[in-house]
Amino acid sequence: MAGNTFGTLFRVTTFGESHGAGIGVVIDGCPAGLELAESDIQPDLDRRRPGQSEITTQRNEVDQVEILSGVFEGKTTGAPVAMWVKNKDQRSQDYDKIAGEFRASHADYTYQAKYGHRDPRGGGRSSARETAARVMAGSVAKKILKQAGVQVDAFVSQVGDIKLDKPLDKLEMSLREENPVRCPEPVAAQKMVALIEEVRDAGDTIGGCVTGWIRGCPVGLGEPVFDRLHADLGKAMLSINAVKGFDFGSGFEGIGMKGSEHNDEFFEKDGRVQTKTNYSGGIQGGISNGMDIYFRVAFKPVSTLLKEHKGRHDPCVLPRAVPVVEAMAALVLVDHWLGNRLSPL
Amino acid sequence: MAGNTFGTLFRVTTFGESHGAGIGVVIDGCPAGLELAESDIQPDLDRRRPGQSEITTQRNEVDQVEILSGVFEGKTTGAPVAMWVKNKDQRSQDYDKIAGEFRASHADYTYQAKYGHRDPRGGGRSSARETAARVMAGSVAKKILKQAGVQVDAFVSQVGDIKLDKPLDKLEMSLREENPVRCPEPVAAQKMVALIEEVRDAGDTIGGCVTGWIRGCPVGLGEPVFDRLHADLGKAMLSINAVKGFDFGSGFEGIGMKGSEHNDEFFEKDGRVQTKTNYSGGIQGGISNGMDIYFRVAFKPVSTLLKEHKGRHDPCVLPRAVPVVEAMAALVLVDHWLGNRLSPL
Amino acid sequence: MAGNTFGTLFRVTTFGESHGAGIGVVIDGCPAGLELAESDIQPDLDRRRPGQSEITTQRNEVDQVEILSGVFEGKTTGAPVAMWVKNKDQRSQDYDKIAGEFRASHADYTYQAKYGHRDPRGGGRSSARETAARVMAGSVAKKILKQAGVQVDAFVSQVGDIKLDKPLDKLEMSLREENPVRCPEPVAAQKMVALIEEVRDAGDTIGGCVTGWIRGCPVGLGEPVFDRLHADLGKAMLSINAVKGFDFGSGFEGIGMKGSEHNDEFFEKDGRVQTKTNYSGGIQGGISNGMDIYFRVAFKPVSTLLKEHKGRHDPCVLPRAVPVVEAMAALVLVDHWLGNRLSPL
Amino acid sequence: MAGNTFGTLFRVTTFGESHGAGIGVVIDGCPAGLELAESDIQPDLDRRRPGQSEITTQRNEVDQVEILSGVFEGKTTGAPVAMWVKNKDQRSQDYDKIAGEFRASHADYTYQAKYGHRDPRGGGRSSARETAARVMAGSVAKKILKQAGVQVDAFVSQVGDIKLDKPLDKLEMSLREENPVRCPEPVAAQKMVALIEEVRDAGDTIGGCVTGWIRGCPVGLGEPVFDRLHADLGKAMLSINAVKGFDFGSGFEGIGMKGSEHNDEFFEKDGRVQTKTNYSGGIQGGISNGMDIYFRVAFKPVSTLLKEHKGRHDPCVLPRAVPVVEAMAALVLVDHWLGNRLSPL
């Protein structure tokens, strides 16, 4: 019930606080026989770490992953895969003054009310630093999925009012990592960066959207009733700090459509059942239909104001949230990919 | 993994198909000592049933709940509470012709691909009729919550482009059941009804939004990391047929705000910690903060076109979805309300 | 937590009380594509029902199974399989007098203390009648296992001091159903029956052992640490009414042996790895090794004294417990048989 | 499903291999507000460690616990409590020769068959070294229980044929740690030690029984059907390496009794409901009744023969298994102690 575990078959349990010994994760249910090394995980951790660019926080944490168990001679054994990153900075002085106050729109008040005792250093368990654990687990999931032909990507599609409006099939994912905002469309990226710089210079913060995009997903992932693929994706995304909304396929924008426009008609091509349009976002009846899966994740502007903590926080968390969105999507997919082995007889 | 169970402590398992023997639910974890009778459940079932008004399907199903276990002399015993409604109409002729085809934007194709064998009668397990089971369980949850001072409501806030724009605290919930669209604002309701009638007469369907609103929620419900209160609410809503999106508090609309505008400042009044604004939607760090919780649920226009099945389907499912949204919200809340008993020591 | 669900992948939830509407079960996770009819389940229910012979209770309950969901045209669809038997006798008069008293060694006191409210009619939820639900689910599990070549059997191996001492490979299972005590060895069976009759005539009760025997189990079922195959079998058996102990392989009797005697040496025969002896009981490191699995289940003499309730209770529950032991073993095995699909990659 | 997690509300997940980086555990669901320090855990780890006495293995591992998360200023915060011990000796040379062979009655063969890839160093994940993780978690559970007035003890009650025959209420637990075999009765202890020395000198191993004894358990722990308190205790014990059997209360020895002898009659004393005898072992209908809980755990002679590995293995694992039995019992009890908060309303 305490909610630090995610997934059913590929079960991920995270632990650690912002200013404790480190941030870790245990994966129970990682199948045996996967080649796995720290080098599979480090790149995503690097995409998540602070201090990457001028538009992120200037704190410089080098998060170095260590695999603690579950791997022997470079391959998983079926035993739990534990990984962690040690915290470099366990000092607590900077945060001492906040121990007694409730910062607006932070978790300080609710944690205090719920538990009666909390770790105030850097937000303790409520710090976005916890997402480092998710990214480690997600990299393992992504590696499994890649072997199964599934490509999981995320990118920044909106910052404040600046929207990326190109259709998915016109996007070039290789361009995404070439700008600090992780938007695969250079013109929009430039505008987003400018807006973030402006907000940063005003000591403020800004929100936006990350879009998730999954290609190559086989038909049949997801369960019909409560554990629909998109319901699990939604929960996964909403569990990320600062997320306020999720939609997939036609989403909130499909509300105004008529049923006769919205239906995705089936046709067969190259021996594969496909749909002409994809308002369904690749999921029908809670189960993947083989088309691209896509969804939007809405992030609020984060609460820690830079006015008070110059350079120590992100004016816009979205670029660093991209690997977290990918990680959580991968965890959901690998869970259902395993689940799909269980039926039929 | 098969996903027909919802909840951790108040565990709800549903069963049954559209044209099988009936639709049922087992609640495991319902605390002992709750006064419970069929009359607590029937009103919500009646709000969900087809044939209520001119703007819903004209099929006339009277769903009569039977409590099968877990209640002795009018009070729950702590044993599983099983309930069901028998299906009146188990004929399958009308649907025989669809057994061999995949209806656009339905679950036919994905079920067939996943399971290799499916019940095509009325959509079988994928039918929205399954929500009758959720409503039964939700009514039990709502009764527990009511005793704890928590009021769970939902209403239709948007149909197509017609939006209800009044702030929550100006709404009069008692007006909601006085119009067939379940919108608590008579003028907007009238416009919505007119639009639905227009769409119905064209043999088409239309989507919209249901808003959930929870008052009186105590501080402390929700868990910090994966099982955040809003993440569980999001999953719950996304598991309802035809739902494509969920947001809470400032949601997708908060994207354009600056952090300095968006922060909910604390103040104390009447010995209670409150916030001046409520962009957080009553949830901070995944945990309820005692303010009103509110969220939006986006429904697509349903896929079954009335052109083909005149009078047998809803031109707009939202009015009948209202009790389902309430039920799912209540299931999430009661689960976390129980969970809140587990910590601290 | 409330504990009415068993299993992880093949999840069985039971409901119902001795004198309520009926006893039911929902299986979530039954793979699609299994041919299933009431006639697959009824025979085991008949072996469990009261009134079968002179040495069981003389109450005559005909338990007639109904499949409520999850089966279409004779095959499972992957949706929850719900089944139940209606209770014939819902009268409660006979039990009214016990509502206010705590019967020795029954659950009356602990239920009352825990829940504050209980159904006293026939023991309510604590009645062994609840095992009818397990038998229904177990029959489905046995059918799946049979298709996988796994044979699950149980038999009475001890009543009071009378022990069946033949080694397993000398037993003829076909003889088991030819005597009312369900012991596959006619001479021992006769002695057991005589002892039970003697005890019955004295208005008393007697305990004993049921042995479980699983043949054809593939290598690899079970998980290494907490969910060892024998740990799950043990929990399954200990969850049956009146059970006080469980051991497998050499069990309590292996205590006196030396390690050098107890080791099961490997050899290869017919291309299959086997062990010369089988003190391990077919399970090593928590995982099946392909040899026969066998275990003992110790039943206490039941508490309801016949002196008070002549003919209404079993002097010895073991013959009727045989199908329950088989059912629970089958539930454990099918769960791990499904689990074995999840690893390796 | 992968089975490295134990418990429902106080969820314990273990990781690590015998010769990997270390052995660790994450507790999710530990209530906030518990005073906790390494010094609470170290004593039990010391009781478990190799090299304690002449009758245990002569390997000298000093297992030093480190708390990695979940504790701030000496008190738990409600966040996951992660703990681990680093392995001192990660060399693998000694075990290289066994990588290609299947040791009799070990997990080598079944792991290889199940996973296709395994860590052979010191048994990898199947090593009894994994129980260090259980002991760490168990110490936390014991501390919570102690504050609730529940005392959890275990002791060696049988080695080979040498049995401790004193009734529980005549035993003096304080004497238990004064002899290397952890039997609280000095005369029996001496005989047990002599037998173990004899077996050790012959390069062999011997089994026996550990008895668990729980005093001060409140009424109401346990759930009625599958999660009976004794069923969970049984599973917990059967999940320990080398365990072959479990019984509680009258256990296997109660088989020969008549119901009229076996019934525990209720009486009231000092305002508390008690039973005259305690054949039930403190549990009725799966729920604790406030009397002492006691149970036996049967250990086989371990398979690693000292002939081959002189001084590196225990001739009798029981003395070191005592803290493991206590730990597992404590995990079960604290889980149900928390669960007992959930009902009634």
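For clarity, chains are labelled A, B, C and D in written order, and residue numbers in each chain start from 1.
Going forward, a residue touches a chain if its C-beta (ideal position, glycine included) is under 8 Å from a C-beta of that chain, and two chains touch if they have at least 3 such contacts.
Note that the coordinates shown come from a computational prediction; the quantities given were computed from them, not determined experimentally.
Undergrad: When you check each chain against chain A and chain C, which touch both of them?
TA: Of all the chains present, those in contact with both chain A and chain C are B, D.
Undergrad: Quick check: how many Å separate the C-alpha centres of chain C and chain D?
TA: So the centre of chain C lies 27 Å away from the centre of chain D.
Undergrad: Roughly how far is chain A from chain D, going centre to centre by Cα mean, in whole Å?
TA: Each chain's C-alpha centroid was found; their separation is 39 Å.
Undergrad: Suppose each chain is reduced to the average of its Cα coordinates; what separation in Å results between chain B and chain D?
TA: 45
Undergrad: For chain D, what residues touch not just one other chain but two or more?
TA: In chain D, the residues touching two or more other chains are 1-5, 9, 14, 29, 32-33, 78-79, 111, 114-117, 125, 224, 342-344.
Undergrad: Chain contact topology under the given definition, line, ring, star, complete or other?
TA: Topology of touching chains reads as complete, every chain touching all others.
Undergrad: Quick check on the complex: what are the chain A residues that touch chain C?
TA: Against chain C, chain A makes touches at 9, 29, 31-34, 78-79, 144, 147, 224, 338, 341-345.
Undergrad: Inside the complex, what are the residues of chain B that reach chain A?
TA: Per the stated touch rule, the residues are 1-6, 8-9, 14, 102, 104-111, 113-117, 125-126, 130, 158, 160-161, 199, 204-209, 219-220, 222-228, 230-232, 234-236, 238-239, 244-252, 254-266, 273, 275, 279-281, 284-289, 296, 298-305, 307, 339-340, 342-344.
Undergrad: Could you please specify the touching residues of chain D with respect to chain A in the complex?
TA: Residues in contact with chain A: 1-5, 9, 11, 13-17, 20-22, 24, 26, 28-30, 32-33, 66, 68-70, 72, 75-82, 84, 111, 114-119, 121, 124-125.
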